[in-house]
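Two complexes come next, and they have one chain in common, subunit A, joined by subunit B in the first and subunit C in the second.
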Partner chain A sequence: MNSLRIVADRLQAGSSGEIDPNVAARRRRAAQIMLTVGAILLIALGGATTPSFLTFDNAMVVIRQASVTGIVALGMSYVTISGNLFALSAEELAILTACIFGWLMRAKFGLALSLLATLIFAGLGGAVQGAVIGLGADPIITTLAFGGFFRGLASVVSGNQNILLGTNAAEWLGTARPLGVPTQSWAFLFLTPLAWFVLQKTRVGRVLLLTGANREAARATGLRVDQAGLIGVTLLGICCGMAGISAAAQFGQAVANLFQGLNFDVVAAILVGGIALRGGQGSPIQAALGAAFIALLENFMLLNDLSSGWRMTVVGALVTLATCVFHLLQRRR
Partner chain B sequence: MQNNDVLRMRGIAKRYGSLTALHGVDFTLARGEVMALLGENGAGKSTLVKILAGLERADGGSIEIDGQHVRLRSPVQALHAGVAYVTQELSIIAPLSVAENICLGGGEPHAIWTARALRARVQPYLDLVGLGGIDPAMPAGSLPLAQQQLVEIARLLSRNARILILDEPTAALSDAEIEMVKSVVRKLAAEGRSIIYVTHRLGEVFEIADRVTIFRNGRSFDPVPVRNLDIDELIEHLLGRRLEQMFPERATSLGPPVLALREVTAPGLRRPVSLDLHRGEILGLAGQLGSGANAILRAVAGVAPYDGGTIAMRGRTINPRSVREAIKLSIAYCSDDRKRDGIFAVRNLYETFTSPALPRITVGGLLSRRREVQLSSELASFFEVALSRLDTHAGKLSGGNQQKVALGKWLGIEPAILLVEEPTRGVDVGARAEIYRHLRKLASQGLCVMFASSDNQEVLGLADSIATFFRGRLVRVVRAEGIQPEELLRDVTHPDESQPGMAA
Partner chain C sequence: MKSPNRSGQAKARLLGLAAAAMLLVPLAAAPACASNGLFVVFMPPGTDNYLAQWQKGARAKAKDLGYDIKIIESSRDQAEQDSQVQQEIASGEKVDGYIWWPYVNAAGTGSLRTLSKTGVPVVFTNQYPIAGTEKFWTAYAGVNDFLNAETAAKALVKACGESKTVKCDKGLIITFPAGYSAGSDRMKAFKKAATGLTVIQEHDAGFMAQEGYKTAAQIIPAHKSEISWVYTESDSLAEGVIQALKENGLHPGVDVLVVGGTCHGDTTNLLQGELIGSGIQAAYLEGWSSVQTAYKAVKNGKVIDGETYLPANTDKPPSDDGPVHRFNFIPNPWVGNTQADLDAFRLWGYGFKELCNY
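And then the complex of A and B:
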């Protein structure tokens, strides 16, 4: 269903004609205002109504949860900004990499080798999709298909059973809190400015931005349009790999039903963060903020004993609202 | 004539921003006549036609059809009033049958159709447009272009259109197909329908039109019966006064040849073309839509690679298969659609200016802000784009400034050859003069410029040498001083009609 909604959004985005250059700034401002106001309201509301909400441990739960989604959202922002909408195989690739990491650890390849091999595999998983998209295939359909492929492969690798890592070597990666902050959050905190820097300050990032802004013009100025897509999806793949490793390490096992709803959460982070679906605008920082906000909201609802059905309804409604608001902003000239 | 008028437009005015497209134009059309509309690009004829078709709204004036005041605010309303517009881009839906295409959107009362009922319904209209012989059940997309055009006309006739607007209907057609369209036009006029025929081809005017209305600089002249005109008179009417001061001085001397085309064949050309481009020269390729002038630029730029003959640059044969390869050879190309592929509307001018020359602003993979500012400021100053605007989005600029950015960005790669399609399309008069001046300055610094244009004044005023094109072939190459405006117009509209001294 989520995919359907995204396809619908895509059609809508494609049909609404010219781009108003004012929109980017207005969109970013609107997103930041909405997120900030929303976060303050949530914290205030949470603090007033939920005793455990503002405690330190709780904050750590929120942050760890947000961090994994956030890392994948950073990768996804590259895909969106380079003009390829979304890769709907993020969840599946994360599951597959978790299983592969688990399998490698169980087979006693050692931590370093397992990490390296898993990340390389994850990058390749992204690169293959990027190459297909680079040939001109529709990104949504392509990644939807690859998602099925990855999920199936994950079942095959795990034999539909828990893969126990059988060693504590990776445990630190998944559960430690250096200086009181979870490892995933360190990674997220480190990767967010890095993602921003690469996009804004390197030549590769510029090619990505320009390709997303106007693919035809990018081609006509001699930029490597096909590479831009490839790099975006490859980086997303590596982010999915990190998420997969983190989950396997955190629980000491890998299983094919991890990361439920990750695709939607990541897409929601992009949309709530206000990154333009047309590409060429926005920043990974917006995706990071969006992910953090959604995690905060989810956590607040969880502590208030809302059922998963309600939580999904609320987040879905929020994404719909964000999409509508940005769409209206876009139409107003 | 007076009470036989089916259409009267009075004082039609239209402005686009600071540009006045029509200054209170009058236009009348009699029942059963073919009225040709003539005028150079930007003269206002297509604006008038679009207002009549409900595609644009006039800022002032009134429209009467059959003596009744009408409002034409959408194509549907226009069709309702009996006005139908056949554009160059057909709205035929290829996989549907001919019959389905004709009935499409007709708002029929019956929910269910059989193939036979459809066939019976569309047959009279097919007969009317001379397609009585084709099978209405065949897919419309399998017909040749001219017949698709006729199917579209049949559709409009089935909606009871009494005023038909044909906008350059023959631009993309072969000779035999043109005959077919013309005979249908004559037949429809004989039936009592009125036809507005927009064209650049003067020959056609004499063949099928009863009267001709000429547009110039947003004004129309009173219609003239064609039998009272000869072609020289028509050309004189069309051109009016010149704008000499718009153009810079020409080159005093040319350098050695830099680019040599020998017997080149490429997509869009019907005959092989040979041309030379010299250092410091501005070569103008004059021609209407589909003339092959753009095809030359696209072949050199690697957009539509050539498939026969040779192109040599400084004596070395080159064969760019893509824009990237052409750029590596120091060949820069600006298409005629800057919004589509000339600028990055949602990025700022720094980024657009430096986009072709990223290596120049990169140090070890990192962008150098200092170099980016320096390069883009340099390019902006050369093309007189205000430096204070460098951080605005390219899409926010006026057409003229956008064009300066689209052209200026190429200087970053220090090109040897600059190829430009329609250098001033959609650019207001002031910015035009500036762009001409900048192109001339570049040429005088040793760049070779080759541009294609359907605007004859521009070709005459800007170019050192002129190559004229007509329907996929090179008509001739002359020095700009050696050709009169009348001759140029003749070359690009009907070169075959009895003019001595013309090499085909």
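And then the complex of A and C:
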């Protein structure tokens, strides 16, 4: 573990010649400054112009809106940090796991077994993709293809019909509000520091960081770099499974066209959060903040009656701006 | 000992035999009876449960009439659907009639024009044809979105008048996605028919409960003290809205009246009185009647101007004989929110559960 940490420090300190520590620090600072300034401006603007914006109820709504996207974005941050860009099958895997959970519940397998089986399936769904990526396949193409496979399978599992769970056993998971906070938000708030801990303080996390920072150097130190993709996409798969279970439990049903636009929302959270696309830098906390900021912005626009066209335009522009700024920062050494 | 060459030839022969057998199996399984013709349908994907049910109805009617049916699904992408039209026409396949369900109505006009140039009947379905495209299609068959929303509006106004707990005034409208013309048609018709009701905010959300919830959960806290009604363009969207209302301490059916537009599989909200009722827009019957309209257009070759509403018979489906009108609407009857209402409902020989449980 110690030797791994030393290697990681050296890699991130630029001994490989590929990563400039100043760039990493500058990037992190820029992301933090952009998000902080943006959030302050938005909150000030919202408070001044929109009567219902600065309320406790609305704060809960924003956190709730950020939660499901945020949970998947935490998983996606592992994929990106490990140097595998994005997994564009997150939406489809979440849909499939929702359908599988619904199917298991309807077949009366019971809540505990259905939860366990769905999460195992979700992890396996991620692991298979990670294994293919580990063999050297392009992560974007691979996950796009798997996305089609998962969506098709969801359609088959559901028979293109609503799968009604037929029991209220899972309702608590989707609709309860312990201490006034939705269960999804509790999960998001709990998973964010956990995801940070896994990345920063465990061997698995170090493997992801090292492989993302410099694949060749990581290989030279004896790390199995193919494991990085496997671990990253498996963890993402489990996060997708949680999102799928949450959606099915919330309405007591699952169907093959849930989660419209989830892939874009998650990628946007990663980019706005400032995680380096080339890998090796960033933290799940940045992904969580990116998701929260986008939810805040969308909420502000919705309360001000902006049409979905304008909302998409603004979020798209924000993602473009974030990408450009971080790219420019990366070029300046 | 066999030579490698001979072994290779033997393997090649075996593979050839296996491939031939694989080809022969489906051929042998093909129906022996001759088909009366072919209808080709262009539509968004059947992964949506409404569209999947539409397909079941269309296939059942085509089989009943002795026609083959080929359903070409696009993803939610008009450009892809346009490309599919080009490819199908370029294939030179003999087609007796096309059924056209665009994803984005206005953007699909070019493909509609291309289909019209083939000279075979083109039946528009599900989305009301936009003005100016009249010469590109033969007939419209399916739901009347204006009627659908008007039925919901009238039911809401009636429920408002009868409610002892809600004094209807201001409310919200949650619609299908932007660009989906059925959504804007319904919204216009609802506003026109909902006399005496004030719209505070209207927002596009999507088709699913999850999308309805996502939008409603954000706008309801800002208006919860003044909302007395919510109109959603489908019962699926209404399900999400009902959950958002409850989370904000409002009781649907008691504090706020919620009305949807298209029935769906889960009757929980309906039977708990959280929805004031449901409009029976049956996907199965829409697919069924679209194929029947195409068949009538091919058989009669003549189209009568004006519109007709297929009769809302309880047990008998409409006849395959008789003329086609320019607009052929399926009925959109209203059903109340009690178990007795649902049990008593019949349309064209189907019950509520058969028509809405998808």
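Definition applied: the second predicted complex is superposed on the first by the 313 of 333 C-alpha atoms of A that agree within 3 Å, B and C clash if a C-alpha of one lies under 4 Å from a C-alpha of the other, contacts with A are read in each partner's own complex, and residues count from 1 in each chain.
Keep this in mind: a contact is a pair of C-beta atoms (placed from the backbone, for glycine too) under 8 Å apart; a residue touches a chain by one contact, two chains touch by 3 or more.
Worth saying up front: this structure is predicted, and the values here are computed from it rather than measured.
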item: Subunit A as common anchor, with subunit B and subunit C clashing or fitting; value: fit
item: First, second, both or neither for A:207, with subunit B first and subunit C second; value: first
item: Per-residue contact with subunit A, leading partner among subunit C and subunit B; value: C
item: Partner chain(s) touched by A:253 [first = subunit B, second = subunit C, both, neither]; value: second
item: Touched partner set for A:313, first subunit B, second subunit C, both or neither; value: neither
item: Partner chain(s) touched by A:36 [first = subunit B, second = subunit C, both, neither]; value: neither
item: Which superposed partner A:281 touches (first subunit B, second subunit C, both, neither); value: first
item: Touching partner for A:55 - first (subunit B), second (subunit C), both, neither; value: second
item: Three-chain overlay, closest Cα atoms of subunit B and subunit C, distance in Å; value: 28
item: Contacts on subunit A seen with subunit B and repeated with subunit C across the two complexes; value: none
item: Touch list for subunit A against partner subunit B, complex; value: 19-24, 201-204, 206-207, 209-210, 213-214, 216-224, 276, 278, 280-281
item: Partner subunit C, residues of subunit A touching it in the complex; value: 50-52, 55, 57-58, 61, 64-65, 151, 154-155, 158-162, 164, 175, 177, 247, 250-253, 255-260, 298-299, 302-303, 305, 307-309
item: Residue numbers on subunit C that touch subunit A, as the complex places them; value: 46-49, 51-53, 177-178, 201, 203-204, 206-211, 213-215, 217-219, 221-223, 239-240, 243, 247-248, 264-266, 268, 357-358
item: Touching residues on subunit B, where the partner in the complex is subunit A; value: 323-324, 327, 333, 335, 340-347, 351, 355-356, 358-359, 362, 365-367, 392-396, 409
